[in-house]
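One structure is given here, and the rest of the page talks about it.
Residue numbering begins at 1 within each chain, and the chains themselves are lettered A, B, C and D in the order written.
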Amino acid sequence: MTNTALTGVIPPVCTPLTPSYEVDTGSLTRLVDHLVAGGVDALFLLGSTSEVAFLPDRHRKVVLDTVVGHVAGQVPVLAGVIDMTTPRVLDHVDTAVAAGVDAIVATAPFYARTHPAEIRAHFRAIAARAGRPLYAYDLPVSVHTKLGTDLVLDLAAEGVLAGVKDSSGDDGGLRAVILGRRERADIADFSVLTGSELTVDSALWMGASGVVPGLGNVDPHGYVRLVRAARAGDWAAARAEQERLFHLFELVTVGGTRMGGSSSALGAFKAALHLRGVIDHPTTAPPQIPLDEDETARVGKYLAAGGLI
Amino acid sequence: MTNTALTGVIPPVCTPLTPSYEVDTGSLTRLVDHLVAGGVDALFLLGSTSEVAFLPDRHRKVVLDTVVGHVAGQVPVLAGVIDMTTPRVLDHVDTAVAAGVDAIVATAPFYARTHPAEIRAHFRAIAARAGRPLYAYDLPVSVHTKLGTDLVLDLAAEGVLAGVKDSSGDDGGLRAVILGRRERADIADFSVLTGSELTVDSALWMGASGVVPGLGNVDPHGYVRLVRAARAGDWAAARAEQERLFHLFELVTVGGTRMGGSSSALGAFKAALHLRGVIDHPTTAPPQIPLDEDETARVGKYLAAGGLI
Amino acid sequence: MTNTALTGVIPPVCTPLTPSYEVDTGSLTRLVDHLVAGGVDALFLLGSTSEVAFLPDRHRKVVLDTVVGHVAGQVPVLAGVIDMTTPRVLDHVDTAVAAGVDAIVATAPFYARTHPAEIRAHFRAIAARAGRPLYAYDLPVSVHTKLGTDLVLDLAAEGVLAGVKDSSGDDGGLRAVILGRRERADIADFSVLTGSELTVDSALWMGASGVVPGLGNVDPHGYVRLVRAARAGDWAAARAEQERLFHLFELVTVGGTRMGGSSSALGAFKAALHLRGVIDHPTTAPPQIPLDEDETARVGKYLAAGGLI
Amino acid sequence: MTNTALTGVIPPVCTPLTPSYEVDTGSLTRLVDHLVAGGVDALFLLGSTSEVAFLPDRHRKVVLDTVVGHVAGQVPVLAGVIDMTTPRVLDHVDTAVAAGVDAIVATAPFYARTHPAEIRAHFRAIAARAGRPLYAYDLPVSVHTKLGTDLVLDLAAEGVLAGVKDSSGDDGGLRAVILGRRERADIADFSVLTGSELTVDSALWMGASGVVPGLGNVDPHGYVRLVRAARAGDWAAARAEQERLFHLFELVTVGGTRMGGSSSALGAFKAALHLRGVIDHPTTAPPQIPLDEDETARVGKYLAAGGLI
């Protein structure tokens, strides 16, 4: 992967698990085939949707080795290196590079209290170690820091960052990066990706390069149609597709208030993949609470309403 | 270590580093000797003050093996198993148990969005795996979750938790756990530890079992005198000692606004230990910003004012 | 004003002050003329941009009486009734109704800690008292509560709310209300207004009814062109206009870190109106910090770059 | 009231209401008599516990006039001037001064986004206008700003602030102000009051001047005994009293999750005063949700357990 801007649909790939919480590599490769067949432009392994926060290091390595080997260059593979601070992240970088991934995705430090100057140093150290494109992952709901526009653009101009995945939900901020990029000729190929499942048409309209949708596991074809319609200038079709996906996304609420948002959303994605026959088990990692029968049935209804089963 | 309540001064032990960011085991054992000679009641390895968020797994293991071997049973050794969720934490538990620690200290999950029911499941899984006392570490500033009084007391009654380290700064909540313990005969030996350096006398006055003070690295004798005075009923002496330590604690501010709170506080603790001749290097892990000469000189002034050099 | 959906550009009207902090009614009527001449569809008095939080009740009354009388029905006039809880808000409703405004705009309670059931009761009581359309003002940065999609849509279906002004910055939530409205025939004329200056084209694209832009004081013609282009289906022109306004909006940052965000943004709007010759004084209410000469000069540069002077 | 430090028990006086939500002045004077007979040192009108956020201006005036007239100098009367920003607060100051109160209590601005320099200007303007002692009210849960130690001590040294009511729950911060006061001879009579009902003994132990306990409405005698025991050096008695009051305070939770914290706590205080025969109606202002019969019965059980009925 060169520094040419990454564009299109890059789903954060779910990590199928066996009932005993091992990585289900058979299901994982089927999921990858499902995504590639759906027309996605790249794969993002070990993001939040991949339950990276729940995966021990040996599972992370299994995921990387399995997918990089299976994909065999059909599409670029990005790897999350999610951990608290630089030294721990660098170890994950080494593993990912050894596995042969094409690019790295990192958040700002978390758990430790950080300063913007420290966040800059953090990304610089990761880029230096990785020797391949680095994407910043802006996820304040988990990291409890919002990456500033200037920080992102400065690190782009320095050559540290090849792009940003903006999961902050702040579309004004997203636009600030997009317009900031336009003003600087030297970062024309900086990739601005939205992490929102719900405003992809408008993000593309503003000039975003692509999308990293968790729901893209369940319906990659939908997101691919959305992006292709936008590229073709058929914005009404893009919007119609987005609106269908908006309703489909409501499946993440089936767990209600008896579990955390992660259990409900990731549980629903996996239940949907299981119901669609892509993965063998809807298992999520502890301490997440599994969906019960009724909740799973409601996931099924969303799939039916979305024309997916 | 039996389930008898852990009491007294249990410093979270700093992790000395070499200039190339390896664990400086020589300095670490000297620091441990300094603390044991100071009269502390136990040692807490791999807490926030130990830069656990910055230590790769191999460094965590070096710390555990070095200290457990060196202490050789003189005082109990507690080990932090700080990571995002249950499966990753369980790996750290295995390492700590293999190293021979006496007890485990764990936070609620972080990065992932959790639910109280999931937090309970998390602590139950850790206790089951550890097979030795488990302490909950309540640190909302890092974990972004506050452990509820009922959650703590229920898990105490279940035998899951042997104690809590409360670093929330909420002394009303601390008292709620202390008074809740008093009402339940079955948890009389539940250990309630404050993580605040600044209100130890009042926490002990309310009935806290002990304290886990980061500043105890710099001045273990001070905290030991404080606790002993309180135990002897000489509360005026305890308060006078606390007030002296309150002023000493201001050294954590020397970094000002050019760095994060972690860089300034941990940098100051290490600079103080270096100035006192306990450790060889004041190095902190990246991406923390090192104190400069002027800031270090100001740490020295605090030490002089506190009668420590 | 009937219940027909309010649409288009509804600027939150700045409140010009004299150097002794009285309402400058001459400047206020000139500002209103400037906005009406700019083509706006309605006027929103006593919103956050109007410094409503800084205006004593007698000043609020002067603003209402002055503008309602001057506008004389050319466009609808909405009045904010911003205060902590229901009883205090109802007093403002009475004043606004007596002044003859066409509609009311209210936030959820603040300062007091509230519950969704209480927020619903709050809006019901206001609507009952007002006897004219009520708009919910969703401004979490000030109110520290986010209005849920269900709460908004339920109150719409009940006939309590005629619309919502969404200043939350959460465009996924904005879309949820827009799509929720589409599914319910009985609330087809519910007005969904974005409070963001920066994503108006995309909000309209999603189906928003209009925009309440603080920057619309400075450049009403720009926002009117934007909305008209969108209505005409010329989305490229709408986007180009939005992008110009995006850059113009950067004038809100001229105050930097020596003052609060309110001082800087409202100070910049008023400085711009003063530089454009619309109002006599750039005065903002205490304790806001006035812009200095240099900061004012930078506002002028933004105006020049935007073709406004 | 001179600048001599205000000390002891200063309850924030509940505002009894009739079923039609008018101020019940008969109940109010009985409540004041109950408090004065209980031995309190001063009265704080129009604080959060007084439902100040729910009281229209005319009700605030009724409260001030009623109590100042009735108390007739037996104890000092402090008045809250709670509103969003300086100009609105100054109007409340004028009303309070005209009513003849002895001192003023003000928060930092809220709703508007402020800067420390603006907060300082805010307090300076209030003190200049009031011409009598001004107390800062630090209540981050409502105001969403924490007053810094330096800000408080600097304004004390300037003569702007006569004291602080710290309801932040941060006992380390409380101690910082107490110790900072000790180091500056010129502010020896600065009054440091805790707003916590739960840690009064320890706050006094640290050197606090007194307490402003909402629960003091229900049981003034208890808080007076606590403070007198502490003054007499009988700290064990002070603690025992505090622990009894700690359990009594649990009555604020009777409303559970079906209402907001304000409804539950203020509802329980008023229900307790009603059950004790002090006030005629337990009515709270809208949109607060009234306690039902069962919840009220549980308040009664807390009173019985506390020996108050």
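A few remarks follow.
Definition applied: a contact is a pair of C-beta atoms (placed from the backbone, for glycine too) under 8 Å apart; a residue touches a chain by one contact, two chains touch by 3 or more.
It should be emphasised that the depicted structure is a prediction, and the values quoted were computed from it without experimental measurement.
Among the other chains, B has the CA centre that is most remote from the centre of chain C. Separating the centre of chain C from that of chain D, both taken as means of CA atoms, is a distance of 35 Å.
In terms of their C-alpha centroids, the spacing between chain A and chain D amounts to 50 Å.
Counting partner chains per residue, chain D has no residue touching two or more of them. Touching pairs of chains, sorted by label, consist of A-B, A-C, B-D, C-D. Of all residues in chain A, only 21, 48, 53-57, 59, 82, 84-88, 90-91, 109-115, 117-119, 121-122, 125, 141-144, 258-263, 285-289 touch chain B in the complex they form.
Of all residues in chain D, those touching chain B in their complex are 169-172, 175-176, 179, 196, 198-199, 201-202, 205-206, 235, 239, 243, 246-247.
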